[in-house]
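First the structure, then my questions, so here it is.
As written, the chains take the letters A, B, C and D, and residue 1 is the first residue of each chain.
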Amino acid sequence: MESQTLPYVALAMTIAFAVFIAMAILVLNRLLGPRRTNAVKGGPFECGSDPIDSPRKRLNVRFYAVAIFFVVFDIEAVFLFPWAVNYRELLASPVFGAIALVEIVVFLGVLAIGLWYVWGKGALDWAFDGPAPRRDHG
Amino acid sequence: MPTLTIDGREITVEPGTRIIEAADRLGIDIPRFCYHPGLPVAGNCRMCLVDTNRSPKPVASCWDPCQEGHVVTTNSPRILEARRSVLEYILLNHPVDCPICDQAGECELQDLYFAHDHQASRHPFHKHHKDKARVLGPQIVYDAERCINCTRCIRVCEEVAKAPQLVQVQRGERAYIDVFPGTQLDHPYSMCTADVCPVGALTTRDFRFKCRAWLTHGIQTVCGECSRGCGIRADVYRNEVQRLVPRHNPDVNQYWACDHGRLAYHRFETGRVAAVRIGGATTDYAKGVREVAEALPGAALRGVAVVLTPWMTDEDAWAVVTAIRSVAPGATFAVGGAAPGAADEVLVLADKNPNRNGLARVLADLAVTPVALDEIVAQAPALGALIVFGAEHAKAEALAGALARVPLSIVLAALEGPLTAAARFVFPSTSPYETDGTWVNEQGVVQRVRRAVQPAGDVRDFAVWASDLADRLGQPLPAPARASGGNP
Amino acid sequence: MTLTFVLLTLAKIVGFILVFCVILAAILTWVERKMSSIIQDRIGPNRAEILGIRAFGLFHPIADMIKSFTKEDFVPAGANRIMFFLAPAFALIPTLVVFAVVPFGPGDLVIANLDSGMLFVFAIMGFGIYGVTLGGWASASNFAMLGALRGAAQMVSYEVSMGLNVVGIFAVFGTVSLTQIVGAQGHLLWGWLPMWGIVVQPLGFVLFLVAAMAENKRAPFDLPEGESEIIGYFVEYSAMGFATFMLSEFIEIVVIACIAATLFFGGWQIPWLDPTGTAGGWITVAQVAFFAFKVLFLCWFQMLIRWTVPRFRYDQVMSLGWKVLLPLSLANILVTAVVLALVA
Amino acid sequence: MVKVKVVERPPADLVVQSWLPELWKGMKVTGRHFFVNLLTQKGIVTSQYPEVKRVYPPRTRGKHRLMRREDGSVRCVACFMCSTACPADCIRIVAGQRDDENEKFPVVFEVDFIKCVFCGMCEEACPCDAIRLDSGVHRAPAYTRKDELNGKEDLLSLGSLSVARQGGDLK
């Protein structure tokens, strides 16, 4: 087998090992532990009160906003990796070096403008609805 | 009409008024031990000394009548010093055993000591010892050490009870109160001697050691043991009546009450109807009312008879009559009640029912003509329903027999008896100390009965029962009945 | 592929992942309790004993393990049973797999020498979010759901910063392979200073450590757990399900320590000694031991931070990630780019 | 007059807001505790409870004890002062009569330790020095509520013969 594929075989072994470990402890627990259940035990934990509402309902939109920003910024980060790996080689040549430098400044500038826009829109503020709570210091 | 000045304030009084009475009217406090507004004046404690412009020496304000132009001073340094000296003298041989004295907390000597004397004893020798816990009669215990010889008790026996059973023997610091040899303090007003006693010398055996005075709270209510309707105060601690004491009502009982009335609360400590019963089986209140409401319209077709009790309040009577007539318009009503008993010329009246007068007025108002109790007993086999309120009926045996012959027999009572044994439906009702409402006494005085203790369990006022029944029947009582109170 | 390779790989897996990392994580649960107690002037766990030997409470992880195995693996009535069962595994598996690419010694002492190295690490660590989210969602409990949402939002937020602030390291060393990064750190700057990541990327290290700890949901960023308020995404878990979540959290401490040691502390490199890793013999053993020492130190350092800093508020956590770390990461890349251009 | 010490808010400048110097300060504190206690155990305040028990301070208020007179009878005269003073209403007394000059004594004297807050008000209120909380006996937990009710005999068993003079000394 070629040496190129050997790491992936090792990786597959690691994954198999990890899956084995994880499932083994969970299954072993299921075999060893007792099973006694009742209605009160089966209810969700809410400090002793009955839950008023189901957790599977529409959630605050801020979590979706964060998810969208993650996708946007993480994709851009992925674009940066090839640049970073090749940057020093590119710097060796004066022409490509200058291009690489200018290109990354422009790229980060675009990223910064995007961040500035999102920031300015208040999308990064976690507590943005309503006025700030009144502070009564007695 | 002499006009005089007390501490710079003018007052005009009828001739013969004592200075202390005039001061009381002005709200000026003059300390006193032997003076009692309901008793003749003795003037022996010297606590009520005041200065006047008519005499070089301080005079006893309980004795001196008011005169035109009198100028009285009650708070000069000389008077304060005089009071202090009198108190020190009174306390010379007093045992100061307040922790074990039942009067502590309501003791005039204790209060005045803190107000005027407030010093440690300067008496360097052993105090005189006298009899302690001496039983004077069935109700009264006497402690000679604590006695200050004010003689209020002797005057109560003589002037109020017309039974001169107490006497002061010996003289000076040896003086004490006693009964004549071979007799005891046993007249029907003997407990009043403990009321008037300013210290803890005379205490009632009923309340002795039972509870401390400061732990109780007093509820102003009315005695139900006869149609006099004496004003009483029920002292309550931990939702239990601890004692009954008379309260001042110039229209009815002055300052007094009879021993029988004051011990009457013990009657309701045992033998109470504890729970709703249907055919002898305990059930809950709501179910009892529901079953009565279901059975009553059918029974009304044959006829409904109701025996009311002159112990019920006016509000109870109104609610009961209104509720029952809403389902049985042709119902007949009779008034039962306890049998007449002994009477005396002081307070006790022959009619032993507190509200016969008020009940008659309510029935007249509602255009009910009560029939005789015997008539209902005679009709019993033909009746559809017989409802009896209260257990204190003179003809209880006859009524019990009638209840046994009626298909729907209902008794609402506080105490068990032949009636509750005979009836199919039994509902517990409130005692006079658990109810709230109005009584009218024999003289026509309208008085308020107040709830002193909260009733336990399913115990309900008659009015509350009637109101709940009316609700069940779909014909709720008008608003005033609901306002008359009862258990929620 | 030879049998030798398989056996060798198996030995490395068992030796590095199972013996070093998992056992270290188990001991870290004891270290965490013992360290917090010592910092707070207490004695801490010391009661578990075997034949009268207490060994400073070192048997507590064993007692915990026995207890976790023999307790009821309870499933709430409203839960999605399959997902509820699998969620702890989803949390544990990625943390174990990450070790495959970490070089714990020179030469062949790495389980899978991938060229993609650090990219693989990011990809696998991203999987950790699934365990949290699924565990919280499958529990059908409001607290668990809230914890899961907080966890997911927090982890993706810091994933961005973490990805960006290692770009500087990549630019300096010109590779994403962890083996090559470690090898490159054997160089000396100006002839005497080891070119460790922390030397060439000091800001990058601080940002990386903060972002990594936030992604591990450890105090001061333990909002998804928040044991005093919502208990967190594993509120409905008991026995080994719960223990697996905790174990994966402690293994992730080791992961962070390994990655930080590799990227910023020269991995197995001992300064001025055998930078190529070809010496063999006792020097290799010393290099492996030095790597282990760096990992242990970084684990200890993370714990010290955890017992020093109080918990943030959730909006503070989010604004720290987006408004502070992200701009600083971008600035770090820019500065790195400019400096590298000037040096070249 | 209550003295108010105004604590200045720390400055919110860039040094503080950057967190790192402050974090360093905090880690110096926790690190010092860590190393000092790891190496010398100097600061550790824990005591190993079931094996090592702390000595109660001499004025600890423990379970009540009822005192006796020199003749062995209970000092309490059932004056209810303690139950009046009790903020938890945990003392129940039923008084009875005796034939000597003390006249009154408690037939029932019950302290409900489930309610008692060990404030010592009963001790202060007692005019006869009949109740003291200086027994040094810690209130032990009980399995039933009834076991928490300690009656007269239980409390007397904690009290030794007392020579304190009733009513104190006025001179």
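Throughout what follows, a contact is a pair of C-beta atoms (placed from the backbone, for glycine too) under 8 Å apart; a residue touches a chain by one contact, two chains touch by 3 or more.
Computed from a predicted model, the values in this text were never measured in an experiment.
Relative to the whole-protein C-alpha centroid, the nearest chain centroid is that of D. One simple way to say how far apart two chains are is to compare their mean CA positions; for chain C and chain D this gives 50 Å. Measuring from the averaged C-alpha position of chain B to that of chain C gives a distance of 83 Å.
Chain centres here are Cα averages; for chain A and chain D they lie 55 Å apart. Chain centres here are Cα means. That of chain A falls 81 Å from that of chain B. In terms of which chains touch, the assembly is arranged as an unbranched chain of neighbours.
Contact between chains, as defined at the top, is found for A-C, B-D, C-D.
Remark: chain C residues 35, 37-43, 206, 304-305, 307-309 touch chain D in the complex.
Contact residues on chain C toward chain A in their complex (touch as defined above): 1, 5-6, 9-10, 12-13, 17-18, 22, 68-78, 85, 88-89, 92-94, 96-97, 99-101, 111-114, 119, 137, 139-146, 149, 152-153, 156-157, 159-160, 163-164, 167-168, 170-172, 174-176, 231, 235-236, 239-241, 243-244, 314-315, 318-319, 322-323, 326-327, 330, 333-334, 337-338, 340-341, 344. The touching residues of chain A, counted against chain C in their complex, run 1, 6-11, 13-15, 17-19, 21-23, 25-26, 28-30, 32-37, 39, 41-46, 51, 53-56, 59-60, 62-63, 66-67, 69-70, 73-74, 77-78, 80-81, 83-89, 91-92, 97, 100-101, 104-105, 108, 111-112, 115, 119, 124-127.
Residues 97-100, 104, 120, 129, 132-133, 208-212, 214-215 of chain B are the ones touching chain D in the complex. Only residues 77-81, 84, 95-97, 101-104, 127-128, 170 of chain D touch chain B when the two sit together in their complex.
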